[in-house]
Every structure is written in C-alpha cells, then in structure tokens.
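Each of the next two complexes has chain A plus one other chain: chain B in the first, chain C in the second.
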Partner chain A sequence: MRFFEYESRAIVAKAGIPVGKHGFARTPARAREIAAEIAAPVVIKSQVLSGGRMKAGGVQFADTPDEAATHAERVLALEIGGHMPRGVLVDSRAAVQHEYYAGVVWDGIRKLPVLLFSDMGGIDIEEVAERHPEHVVSAHFSTLRPFADWQAKQLISSLGITGQALTRLTPIVARLARLFLQYDMTLAEINPLGELADGSFLALDAHMDVENEARPRQRALLAELGVGEQETRQAREPTAFELAGEEVDAQDHRGVAGNVTEFDGNLGLVIGAGGGSLTLFDAVRSCGGQPANYCEIGGNPSVAKACGLAKLVLTKPGVDKIAVMMSIVSNTRVDIVARGVIKACVELGYDPAEKIAIFRIPGAWEEEGFKILARYGVDYADRSVSLHEAARRAVERIGPQSAPVDGPQHDARERV
Partner chain B sequence: MSAALFIDVEVDDSIAGDRELAAKLEEVCPVDIFRAGAHGLEIVSENLDECVLCRLCLDASPPGTIRIVKLYDDGAVLGAPR
Partner chain C sequence: MSILIDEHTTFIVQGITGREAVNLTRECLDYGKGAKIVGGVTPGRLGRDVHGVPVFDTVAQAVEHHGAPIDGSVVTVPPAFTKDAVFEALENGIRLVVIVTERIPRRDVAEMVELASERGARIIGPNCLGIIVPDVIKMGGIGGPAKDAAKSYTPGPVGVISRSGGMTTEISSTLTAAGLGQSTAVSAGGDAIIGSTYAELMPLFEADSQTEAIVIYTEPGGRMEADLARWVTANDSRLPIVAFMAGRFMDEMPGMSFGHAGTIVEGKADTASEKIERLAEAGITVAEEIAAIPEMIRAKLGARV
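Right, the complex of A and B next:
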C-alpha cells in the first residue's frame, strides 16, 4: 500500500530524519496560510499516487503566499494519471548544494531488505544504476537483528564519502533502514536527500510503501496518518465486479475466495493455491486463452464462499465457461470447492458439465470431490495432469472469443 | 424442504425432542447445521451443504440416531459400511 508524499514525509519526520518546513493543504486558502507560515519561497506539489507530476504540471514554484494559493487552486483541479489529487504539499524551497539518494527496498529473491545509497540523487535510481553504476552502492541487511549505524556508515563510505558528510548522513540512512523494518515497508525512499550550504541534510522528497498484509500490524501508524481501513490505494479504482468479489470474500471468515481483478475475456477463472493463481493465469494466456478475471481461492473457504465467487464469475458478461484450477492443495478441501462451484451452476440454472470447462484441483479429500464432479458430469483432472495441460484443455474447450467484451484491459500483476 | 444438493441429515425421532442433546450438537458442529430450538433439535437446512463430514455429531449422539447422507454418492451414509 502506497503512501502519499505528505504521509511519507510525516513517517520520515517521526523517525527523526530532518525534513524542511512543509504542510498539507486541501484548499488554496490553506496553501496560502502554510506558505505564509514558511515565510519563504515554496513548492506546491500535487498529492497523487501517480508518477509524472512535474511533467503534468503538478509541481509549481511560488514566491509569495498569494502565488502559492493560485498555484494550489490550479494543481488541486489537475488530474494526473487518472487520479485527482488528495491535496497539495506546500514545501519550503531549500538551497541545496548536493543531492543524494537513500532507499530501502525488499529483495524478493534474497528475501531480505536491501539498502541503496547514491551520491547522485534527484533522478530515478534505476537511471543512475544503469548509466552510472559506480555511483550506487547497496547492501542487504537482516530483518531479525537490529540495524546498526555502522552498517549505514560502511555503505556510505564505500562511495568515498568522508568527514562531516559521512557523520551526518549515517544516522539518517540508519533511521531510514530502521523505519523500513519497524513499519513493514516494501519501499522506503528519500530522493533527493539534500545537502544544504551549512552542511546539514534534509529529506526533500520521500516515497513509502507498506506491505499490504501488514496493515493490521500497522494500525497505529495508519490511524495516526488518517488512512482509512477501506482505502486500497491501488493503481486504479476497483470495478463493480472487483468490489463484489471483496464482498464475497468478506461474507465469512473461512478461507479466501476473492482478490478479484477484472479482465475482458470469456474464460472465467476460479483459481488459487500458493502462487498457483498467477501461474494458472499465465498458463491460460500462454495457451491462447482470454481470462475474464483473476482471483484467488484457498485456505479452505466455505461452500457458500466458493459458490459466491463462482456465481460472480459465471454472471460476468461475456463469460462462457469457468475453469476451476489449483495446484495440489493440502489446506483446501477439493470436495468443498467442488460443491461450491457446482452449486453456483445449479442455482444459476446452468448445467455444471457445460459451464465448468475443467476442474483440476488435486489434493485433500479429492476422492470425495471427484465423486461429486462425476455425479454432475464435470470434466476433472487429477495430479497427473499439469497446470499448463489443464489450462490448455480449458482453453480448447471454450474455443476462441467471439468478440471482445468492454472492460478494463491491464495485466494481472498491476493489482496482485 | 431442504435446498441442499450434497448432504442430508436424518435425525431419529427418539432424539428430536432432546434439548440437552440439541445444545450439544449445536456446540460441536463446526458449520452450524444443528440448532437447539424451543422444541428440541432443529436442522439449519441452508447450512447442510457446508457439512465437512467431521463426524462430531455422530460422536456426540447415541449410535444410529443421526445419519449423514451423501446425496452425491448414491445416498451413502457417513460411517456406514458400504
């Protein structure tokens, strides 16, 4: 879950990292007040969860409070990347002598956070890494042991930074690493980290992402920042279909049957199992199939929940059939899912044998599950059939899509 | 009339009015198929298909007084020899 810049700034300040005078405004009048309090030239920055603010005109410079209000009015009305701004950040303009970059990201391959530092800040770190790799240093660190200052100092000094700059940068970078751990972040970035004429440093911009699954652990922080429980902070607003998926999943505590993403194909998917959803989604596409949705099912949902998800997918306009597929399950019962999807077909007046292109869920209670499927004439596959082969059979069974259905077009990984 | 597709539960008349047993069954069933009503044991028909075949109700009641019927398996009774 992404934080707005003004929230990231608050997190950074809370961690003891110096930030410049700033304030958050939802109205031009408030922007004027903040600019007057700062009593110096300011920058008005649109607060949207989207890149390209500068290019879109979402960052404006003002020398007076009145000018700040005028710019704020314009920026507040400016849509950027399909998003209207939450407000504007009124930020003091610092006389920066040099810009650095400090960041921590989660390395999914090493399964460790990695601390990144560069003496070329103010531009994308990816660009620096590509064009000037000698200006970027990095080091993984433990999530179990407390982060020590010397770890930051060692990294910064490896770029040749010494003396006062090294002394002052060390606690800032160490605090950034600690806040990353404390708040279950997946990204904590200060860019630029500005060095002022007097040798002090200020975090001039910050980006923070907290792990979605950690939201319950971070309730206190979210409450402090005023982040609502229902705020998903996704790349786009959820569709009615996706919201209905959330309702299905919320209907009881048992298992998962949701995390739905809408696509415009004709093959509905009821898929899951520890990464199986993405694998199966990709398998369907690689076989030439057109998924109508992405979703996740697992953790032994109730029959009602599996039924609700299957009904949602089956009633999506343009869906001809559904494919019910998971990798081998141990904590989800095959018979329960089978009951759910068959019940959905029957209650909607469909023949399960016709509507379910394939059922490939081997694992716990599969004997009972296969009995149920056989009873209703549903084509099912056991563990001897690979996920890819099951996807191929489903695609073959449904045939080519006659005409595209209106709907969002995007990649599953945008939201999952 | 039951709307269940997969599971039916048959209760012997001898325990139908037993409120103590009804309360026990309500407590042990993980998917709320049994309810202790004013007149004894009631079956919550909308939950029948949620039955996880755990046998806790069979263990909690006198032998042969509750039958879990698998409608998808030619009426096979849970725990009964085939």
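Right, the complex of A and C next:
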C-alpha cells in the first residue's frame, strides 16, 4: 500500500531523519496558516497517488500566505490521473546545493533488501542507473542482523564522498535502511535528499510503500497516520461492482470467491484459482472473447459464496452468459461450485443450460458435480478439454459482442 | 530417481491439527508408497494423534521420539506464527521446509530464507502446495486426495516447476494424458520472495538421471524468469525447457495485482512480454497454450537423440 507524500514525510521524520518545515492542509485557509507559520516562500504540492503532478499543475510556488491559499484552492480542485487530491502539502523551499538519492527495495533473486545510493538525486533512479551507472551504488543487507551505520558509510564512501557530507549522510541512510525493515516496506526512498548551503541535509521528498500482508502488524503506524483499515489504495479506485465482489467474498470464511476486477465485455467469468484465472483470462481474450470481469474462486468456497459470485456476474449489465472454468481442483469441490452457479441461475429466473456457456472444472468430487450439471442440461467438460479449448467453446457460444467497448475502467488503470 | 524427496524421506507436519493440515496428512499417508510422517506439532496438543501420527508440542520432542534426524517439515500455521515455526524446524536440524501458508510478510520470508541458508537447509514456498514424486511420495497438498493425485501424475522424464499450485497439477495432467510422465513436480510458490526459484531448482533436475526435460509455469512479476534464462545460458544446461506464461493481459495494467501476491507488474522487466523475450533468448520455448506443451516436449526430446 502506497503512502501519500505527507504520510511518508511523517514516517521519515519519526525515524529521526531531518525534514524541512511543512504541514498538511485540506482547505485553503489551513494552507494559509501553515504558510504563515513557515514564514518564508512555500511550495504547494497536491497529495495524490499518481505520477505526473508537476506536469498536471499540481505543484505551485507561493511567496506569501495569501498566494499559498489561492494556489491551494486551485490544486485542491484539480483531478490528476483520475484521482482527486487528499489535500495539499505546504512545504518550505530549501536552498539546495546538491541532490542525492537513497532508497531501499527487495531483491527477489538474492532474497534480501538492497540499499541504493546515488549522488545524482532529484530524478528517477532507474534513469540514473541506465544513463549514469557509475553514479549509483548498491549493497544488500541482512534481515537477521541489525543494520549497522558502517554499512551505510561504506556504501556512500564508495562513490568518493568524504568529509562532513559522509558523516552527515551516514546516519540518515542507516535510519532509512532500518525503517524499511521495521515498518515492512516494499519501497522506501528519499529523493531528493538535499544538501543545503550550511552543509546540513534534508529529506525533501520521500516515497514509501508498506506491504499489504504486513498491515495487521503495522496497525499502530497506520493508526498514527490516520490510514483507514478499508483503504486499499489500488492503482485505481475500486468500482461498485468490485466492492460488491468483496462483500460476496467476506460473507463467510470458507475459501475464496472474489478478487473481482471489472471489464467491459459480455462474457461473465467465474474462474479460478490464482494461476488458473490468469491462464483462463488470457485464453478468453486470445480467442476473441470479451470478458466482463476477472475473478478468482478457490480454497473450497461454500455453495453460498459460489452462488453469490455467479449472481453478481450474471446481473452485471451487458453480460449475456457466464463461463465457469478452473484448472484441475484438488481442494475445491466440483459439486459445490456446480451447485452454487446453478442455484444462482435458478434464483435469478434463468435456465442454467442457457446462461452457463461452459462449465469446465475437473478434479475433486467431479463425478458428483457432473451429475448435477447433466441434470440441468449444462454443457460441461472434464480434464480432456484444455483450458484454452473450454474458453474457445464459451466464446463461440456467446458470439461477438454487439457494441464492443473498451471503456473507462480500462483507461483508469494507469500506474500511480 | 527424483529431486528433493524420495520414498525414504521422513517429515513432520507443523500445525497438524488444523483443518487443512489434517486433510493433507491423510492425503500424504495414502499416496504412492505412503509418506513417512513421523510426527506433527501443535503447541499444547502433546499426546494427541492425527490419522495415527503422534502430535507433539515442539519439534525437539518429535525428533527425540523419532530417534534420528528428521528430513523435512510441511508448515501450515497462520502467517503470524510461520516464521517462528520455520525457525524451530531449522534449529532442530530439519533441512527441507515446505511452507504452505500464504500472506506472510516479505521480511519474515527473507529472514526464514536467510536462516535456512546459514543452516544449509532449503525452503520450498511459501504460498505453495509442495512436492510430488509420482507414485512414490507427495509432501504437501499437491494434487489433492491420493486418488485424484493418481489421475494427474504419472512417473516419467519431465520435471515440473510452477509458481501456481493448481497449474502444477493442470500441466502434469496434460503431460500424463499425452503419455509423458513426471520425475518430480514442484509447486514453488506464488510470492515475491520464495525459498527456491527456478534457477535454484535446475541444478537438482540437472543432476537427476530420470529427468530429461523441464516444464515451467510462469507469471508476470519479479525477475525469476530472467534469472533462469541467465542460469541456463551460463551452465549450458542439458535439459530442454518449455515455459508457459500466464497473465499476459496484465502487461496493460501495471500496478494491479492479480492471482498471487508476487504477481504484479512493477517495472518493465516484470512484464510477460519482457520475460518471454528473455526466456526465448536462452533457447527456452514459450507455449501459447497448455495443450501444446506435450508436443513441444516431444519435439525437444526427439531432437536431442
């Protein structure tokens, strides 16, 4: 989960890393107050989880508190990348002599955190690594032993940095490495890390991502920052359809029938499990099908859950039929999913044989499941029909979509 | 032969009294030659038994009861307790740990992997279904109940490594239907950090005389495929590899997570198209669909003779 800039700033400050005077404002009046407290020229920065703030006009410079309020009003009303800002950061403007970069990420191959440092800050680190690799250094560090200051010092000095800059940078970079582990981050970067005229350093901007899996044990930090338990902060806001999918999944604790993502096609999908869903979604698209949604069932869901998900998909506007498909199941029971999707059709007043374009779930309890499907005349397939073949059959049965749309959901899916 | 486990492998199940673990124990005992499950551990449940397997409070008790070192452990405890359970196994001499649990924070996984490497042990998973040697032994829920696993898996020359548990079975079943059996199939796990990646399992298959070809199931996210491509090129592997890449649609949706925790496009190198390119450069054939895999394997095996 991505933190807003003002939250990242708070995390950095809490770790003992120096930051400039700043404040978070939700109103122009509060922005004016903060600017008056800072009593110097400020910069007003939109608090959105999208890139390209500067280009969109979400970063404005103000010399007086009144000007700060005027800019804040404009920035607060400005949508960037499909997101309205949470507020604005009113930040002091530091006279920076030199910009550095410090960051920590996971290396999935070495399976260790890796600390990155550069004396070319202020720009994207990937760009620096590509164009000026001699200006980026990195070092992996242990998760079992505490991170020591000398590890930061050694890395920084390997760029030829010495004197006061080295001794002042060392504790800042070491604290960043420690907070990365302490708060279960997947990304922690300070960019730029500014060196001022008097030789002191300030974290001018910070980027932090906490791992979703660690949210339960980072509750204290999240509460301190005022992050709600429901805030997912995905790449785009969940749609009403997707929220309804979460409700279906939350109705009981047995198995999974959720992870719903909305698309604009006419073929509803009740698919699973993790890898099977990815494979099947590709398969439907590769044979010309237009999926109405992505989802995942698995882990042996209850009849009620399978039924709830099928109903949700069946009632989505534009959906003509559903395809119920999974890779071979060993834990999920075929008969339970069959009962759930048939129940959904019947309760909605549909003929299951008509509405279910194909049922392809082989595996545990398949004999029982196939018997039920046969009784309702549903077209089903066993493991001799491949995932792609099943997808092809479903797409052929539903035919082409009358008005193909590649609508707003799709466009909204941009990187934040 | 096989990799990682064989009919002599002894293991315990940590968290054995949980609903899933009880089923998994039954399945492993019933499958093939019958797994040698020498104990289970659930704190506070000393003296119970699960399908005849004695339950202990600690791993040390299980080892003492067995009277000899225990080879492996299947860990199925909740995410908040997994690290402690794995540390306990490693510090009691266990050298192969299969972690079934999902949703473990990455820091914990990294710590477990780091300790395992210091102890000379290996971790499979987390977020995996385990390992199966067809008709011999399975360690974990892979393939499901013994009779279902027997339908999907048969002995043969193909090694399978997969980031998805379910797809390990789907692919193996497809190979089986085409008359191509498997030497060992490994569900390696769907997380961003896993104990054993493709490149780390390859040397084992390389050294296994039964294995003549490899099938891998891959997804967007991470650098494991690029790492495999590097390994294959650097080591001039004798084993032809066919890969299947799921989640190609995700290339259009950076930042969105689908399927598994580790399946998210965070950078250019994470995309399906980039990975396919890396694999192809290393001579690894990428199948367009699962059903095409057996023929590709046959062509590769034929070409080598």
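As a convention for this text, the second predicted complex is superposed on the first by the 360 of 416 C-alpha atoms of A that agree within 3 Å, B and C clash if a C-alpha of one lies under 4 Å from a C-alpha of the other, contacts with A are read in each partner's own complex, and residues count from 1 in each chain.
To be clear about the criterion, a residue touches a chain if its C-beta (ideal position, glycine included) is under 8 Å from a C-beta of that chain, and two chains touch if they have at least 3 such contacts.
Keep in mind that this is a model prediction, so the values were computed, not measured.
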Regarding the shared-chain residue A:389, is it in contact with chain B (first), chain C (second), both, or neither?
second
State whether A:234 touches chain B only (first), chain C only (second), both chains, or neither.
second
State whether A:90 touches chain B only (first), chain C only (second), both chains, or neither.
neither
Dominant contact partner of chain A by residue count, chain C or chain B
C
For A:343, using the defined touch cut-off, is the partner it touches chain B, chain C, both, or neither? Pick first, second, both or neither.
first
Output check: A:371 vs chain B and chain C. Expected answer is one of first, second, both, neither. What do you get?
first
If we overlay the two complexes on their shared chain A, which of chain B and chain C does A:281 touch? Say first, second, both or neither.
second
Touching A:302, do we find chain B (first), chain C (second), both, or neither?
first
Those residues of chain A which chain B touches in one complex and chain C touches in the other
none
What residues of chain A sit close enough to touch chain C in their complex?
106, 108-109, 111-113, 126, 142-144, 181, 184, 186, 211-214, 216-217, 234-236, 259, 261, 272-279, 281-283, 285-286, 294, 296, 298, 326-331, 363-364, 383-384, 386-389, 410, 413-416
Chain A touches which residues of chain C in the complex?
20, 23, 79-80, 103-107, 109-111, 113-115, 118, 129, 141-145, 148-149, 151-152, 162-167, 169-170, 173-174, 177, 190, 192-193, 197, 217, 219, 222-224, 227, 244, 246-250, 252-256, 258-263, 267, 288-291
Quick check on the complex: what are the chain A residues that touch chain B?
302-304, 333, 336, 339, 342-343, 346, 368, 371-372, 375
Note which residues of chain B are touching chain A in the complex, please.
5-6, 31, 49-50, 52-53, 70, 72-73
